[in-house]
Amino acid sequence: MTHVMHYDPSATDLVYTFGGHRPIAEINPGDVLVTSTEDCFGGAVRTVDDLPTRVCQAFNPVTGPFHVVGAEPGDTLALHFIDLTPARDWGMSATFPHFGALTSTHTTATLQPPLEERVWRYDIDRDAGIVRYHARRSESTVDLPLDPMLGTVGVAPAGGEARSTIVPDAHGGNLDTPELRAGTTVYFGVNVPGAMFAIGDGHARQGQGEVCGVAVETAMKVTVAVDLIKGVSTPWPRIETDQRLMAIGAARPLEDAYRISQHDLVTWTADLSGLELLDAYQLVSQAGSAAPGNVCDPNYTMHAAIEKAFLPGVVAYQGAHQRLRDLGRSLR
Amino acid sequence: MTHVMHYDPSATDLVYTFGGHRPIAEINPGDVLVTSTEDCFGGAVRTVDDLPTRVCQAFNPVTGPFHVVGAEPGDTLALHFIDLTPARDWGMSATFPHFGALTSTHTTATLQPPLEERVWRYDIDRDAGIVRYHARRSESTVDLPLDPMLGTVGVAPAGGEARSTIVPDAHGGNLDTPELRAGTTVYFGVNVPGAMFAIGDGHARQGQGEVCGVAVETAMKVTVAVDLIKGVSTPWPRIETDQRLMAIGAARPLEDAYRISQHDLVTWTADLSGLELLDAYQLVSQAGSAAPGNVCDPNYTMHAAIEKAFLPGVVAYQGAHQRLRDLGRSLR
Amino acid sequence: MTHVMHYDPSATDLVYTFGGHRPIAEINPGDVLVTSTEDCFGGAVRTVDDLPTRVCQAFNPVTGPFHVVGAEPGDTLALHFIDLTPARDWGMSATFPHFGALTSTHTTATLQPPLEERVWRYDIDRDAGIVRYHARRSESTVDLPLDPMLGTVGVAPAGGEARSTIVPDAHGGNLDTPELRAGTTVYFGVNVPGAMFAIGDGHARQGQGEVCGVAVETAMKVTVAVDLIKGVSTPWPRIETDQRLMAIGAARPLEDAYRISQHDLVTWTADLSGLELLDAYQLVSQAGSAAPGNVCDPNYTMHAAIEKAFLPGVVAYQGAHQRLRDLGRSLR
Amino acid sequence: MTHVMHYDPSATDLVYTFGGHRPIAEINPGDVLVTSTEDCFGGAVRTVDDLPTRVCQAFNPVTGPFHVVGAEPGDTLALHFIDLTPARDWGMSATFPHFGALTSTHTTATLQPPLEERVWRYDIDRDAGIVRYHARRSESTVDLPLDPMLGTVGVAPAGGEARSTIVPDAHGGNLDTPELRAGTTVYFGVNVPGAMFAIGDGHARQGQGEVCGVAVETAMKVTVAVDLIKGVSTPWPRIETDQRLMAIGAARPLEDAYRISQHDLVTWTADLSGLELLDAYQLVSQAGSAAPGNVCDPNYTMHAAIEKAFLPGVVAYQGAHQRLRDLGRSLR
């Protein structure tokens, strides 16, 4: 029988780094966690008049960290998202003065005045599966498909580091990829005893690249199954769905995020399929897909993906995804 | 009645730059061109023993340039691909010593030995719609969907430049995006009288990013409708399909290709829809998709796309795509 | 009378992150610290047969952190290096398998085999002021000028982060710039109470960019004067010498390190001189110099510099550099 | 006896691409050319009210191309600048709306308004060796050292390309490095019969990186000696002075310009000195210097340099620099 742990954090329980915190709870591999996450504004932006730089002290709180019993460096943590449901019937987005891909930033520094800070409020209709955009300078509205995801999922980094939850890197973190949906399994290499995973930054949906720097931010109800693959290491975050294997790179410039993700997918494909390395490179070159997660965070992210149908008979991580998928279905 | 021009180039008719050549023919807006293109190896790589650096003198020949009657700087050329059919039942791919995303190159220069040069030969089954991969170091084969496209389509560049057909830039050229399929319309700003478009570099299919630097290269039979939108300028190549509007950026680093494509899609969306600029930025941020074309050529390419369904009532380029789509269907 | 504090760390006192540690000592503004630093190998590489990846558990230990009494976020810490003397008559360098500018790395990932790991041992002749290079594959030697510097100097980062000492960023850290010599003052914005500065990674000399990833690494005897400028913030590390003002940027891609450093120098010049912003931009454009510190670390560094002679009458940080320079001279 | 050729171009003789033009004259190896170059504005910007985007039709005219008798692909062209003297007692600079390192551009595209276009006029005092800056928003002036150089020097590119004179690449072109002074020899690989070199874009001085995108632009009187090294190829532009050997890389992102220049200097050093490749890498790592030329053009440039004193007995290009240096001195 599956053990289901419920954890309902208060605002002061949330943290802003991966690493540097004591665990809020222990969880056993095979268990399921039911919890919630705040939005990237800590819930402080509720109307179009709530400018984030005025009403927020910090950004991107996460729920955690959770200590996974038995996790050691060299293992792989598997998190399978059974359910992601927006906790509110609204979501917020914004432009920031020095954040986003089409503005100068603190590192892509220019002498121009920054973009206007502006807030948009979306309606979220969970039953209709719709996120409704409202223009600010006209009456236009557009209905977009609801597509809930978590922007920030990761473990404590290696080397004693503590990294801001704004940052994605090899430990995961602010990956900001729309591929982290319900029904997927994400894998992380474990760097510290207990893995110390945390989750947050729910999006009702986001475009690929998150070009303005902010998705449709919303609090999220999360049901996630936790598993551990002992003695198997994972260099960069990977995602498995029913159809696809994906590797994620996080770096600047963006071509390095691409290189990391493709390199990891090629070597992973070679490992799983028995194809020689350049043969795997060739296959991924013709069969693979790729897209940006974010092109706005301190590291950009891209994923590389291949259809499992092109790799018949291949089983990743000892079948963890299928096992967790079945577990998730059994709980519905 | 539509005028259909047939042009069958010989090997010595092909050229290796955009710009710098006299037209091989004139074509009127509204006409349809039926022609063919060689593969990027000029057809010289036919077996896995034909190493490209040994058997090729030059790479990426294109068919053209064609002078479009009446085209002037400030206009937009529309090319609608009615049909793309591989001209052979085989295609070739390769790794190059200093080309591709997962190897050092002449610009990302390292002191390591280069990757091995190796050739793969694919079977193309047009009836079954399949491209068959054969591993070189094992007996593995994988059937991939046939998805014909042209890697290189463009016009003469501005400023008296002549650019190698290996290079993508604002004039188009070696865009190497799988989005240039039959059924799509691509738009280019005209830089010189007659536009001087040329096409080539057929791929039976390619992955997003063309990671090893080479797709499934094949000669192609091409049917393309030509149109001209007078007095409308186009800053970067754009693509329209029945479902989507796309803008393409070409630059290094890759984030600049992303920025260009997103900037062009945002401003184009604002122009077409009447949305204020930051409102369009916000909409594209949540509704847009993005992917790399190539991450191996002298400039990398990315596209930004939005579903036309999210922009109800919007008509681009005076309805050129629909008109050409109808024309294409009428010829079948 | 100046208070001089002596601190002689043992190997287990050294730390590998900025942030995340309790202070090893308190020091008052105006005091002088006499201490020592280990080399980036922790002293474990002593002969050309000591391959770093075999003999080292961790890299780049620093001495500290020191709590500066009264330092608060929003203040600026000034560290003036009175003396830097190599503690040994030898220094070590190496090529690493996946580190350095002319090799693929974990982020600029390729499928090529890595470079050979090789170690070079230099003689350091403090009296003659010479560092002697010995080729490994021939008998060649080259005498280079001794030019001692510290590669790693910084404070605890903002936001509760702890960053590896391999990383340079706004908090300083592994700046790896040859400009951090004796006689210079470096300024850091204070992010946490006490500033928590640490120092390490002595180089007998290094080239600009540290192209192979490793300088002539050596333990160092350090005499450093500490001062605090209350209520004055500093966005990125800055250096002042008798002749020049410098701003340092740390980022990828390298043009962003350039942008940060130039942006900071332009705005600082405008602040100090009263020149309007674009007037300062113009002056720095013609009068400024620029060079890379490292092009191998997780963030690259560049500095932007201007001669103080071009800014007559300008005094930075309330004359801290001159005051500390005088203090340093008084101790000799 | 040295043959000295005089060529005085009129405005309509100037060209705006490398490649794509017939030679204006032939010149023999060993000859000296005395000619002049216009400034990057074609002389049209003469007062601070002459905004470049209003008064200029095109930018960066060059004098040439010159056909060097006997030059063939695979040879190296040596140009030794005997004298560079500003032709006017004033020079102009400017900020551009979308050009320069601290502004968004057409490729680093943002949604912000561009920087103001503003012009500065400098006094050039050849006798005093001074360039005088005048602030536009105050009465401040600053005297900077006169340091004349040519921003744009190159040969016709390979592959039938014609490249805008705004662009630097392997063929040279708009290198925009302050190292191209009188007394230096620059080497280019020859790509087409006759080499077809051209020169222009004189600067009374410029900062490293040319951060605002524009130096102190001025017409220049040029005396240049021409030589040819048969059968010796040169992959990227190189510069030799009495003290130093330099290699120049041109690419984006900036780290690739760094990689190219360092890679070329390392391999060149190995070739010249007989050091094994990694031994040369190590020596350059500790002994080398590096700086940006421009961080604003379509490709950025950096140079890598090493003191000839560190390579005793080394002679590059069969002593071409010394021979041309002596020739230059004999003509004074």
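A, B, C and D label the chains in the order they appear, each numbered from 1.
Note that a residue touches a chain if its C-beta (ideal position, glycine included) is under 8 Å from a C-beta of that chain, and two chains touch if they have at least 3 such contacts.
What you see is a predicted model, and the numbers here were worked out from it, not measured in a lab.
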Between A-D and B-D, the pair joined by more C-beta contacts
B-D
Selected pair, out of B-D, A-B or B-C, that shares over half of its residue contact pairs with A-C:
B-D
Return the distance between the CA-based centres of subunit C and subunit D, expressed in whole Å.
33
Whole-Å gap separating subunit B and subunit D, where each centre is the average of the chain's CA atoms
35
Could you put a whole-Å number on the gap between the CA centroids of subunit A and subunit D?
47
Contacts with two or more other chains occur in subunit C at residues 102, 108-111, 115, 252-253, 259, 262-263, 266, 278, 281
Seen from subunit A, its contact residues with subunit D in the complex are 102-104, 108-115, 253
Subunit D contact footprint on subunit B (complex, rising order):
16-17, 19-20, 58, 106-111, 159-164, 249, 251-253, 256, 259-260, 262-264, 266, 277-278, 281
Which residues, counting only subunit C, touch subunit D once they are in their complex?
93, 95, 101-102, 115-116, 118, 120, 122, 131, 133, 135-138, 140, 142, 144, 205-216, 252-255, 258-259, 262-263, 266, 273-276, 278-279, 281-292, 295, 300, 302, 304, 310-311
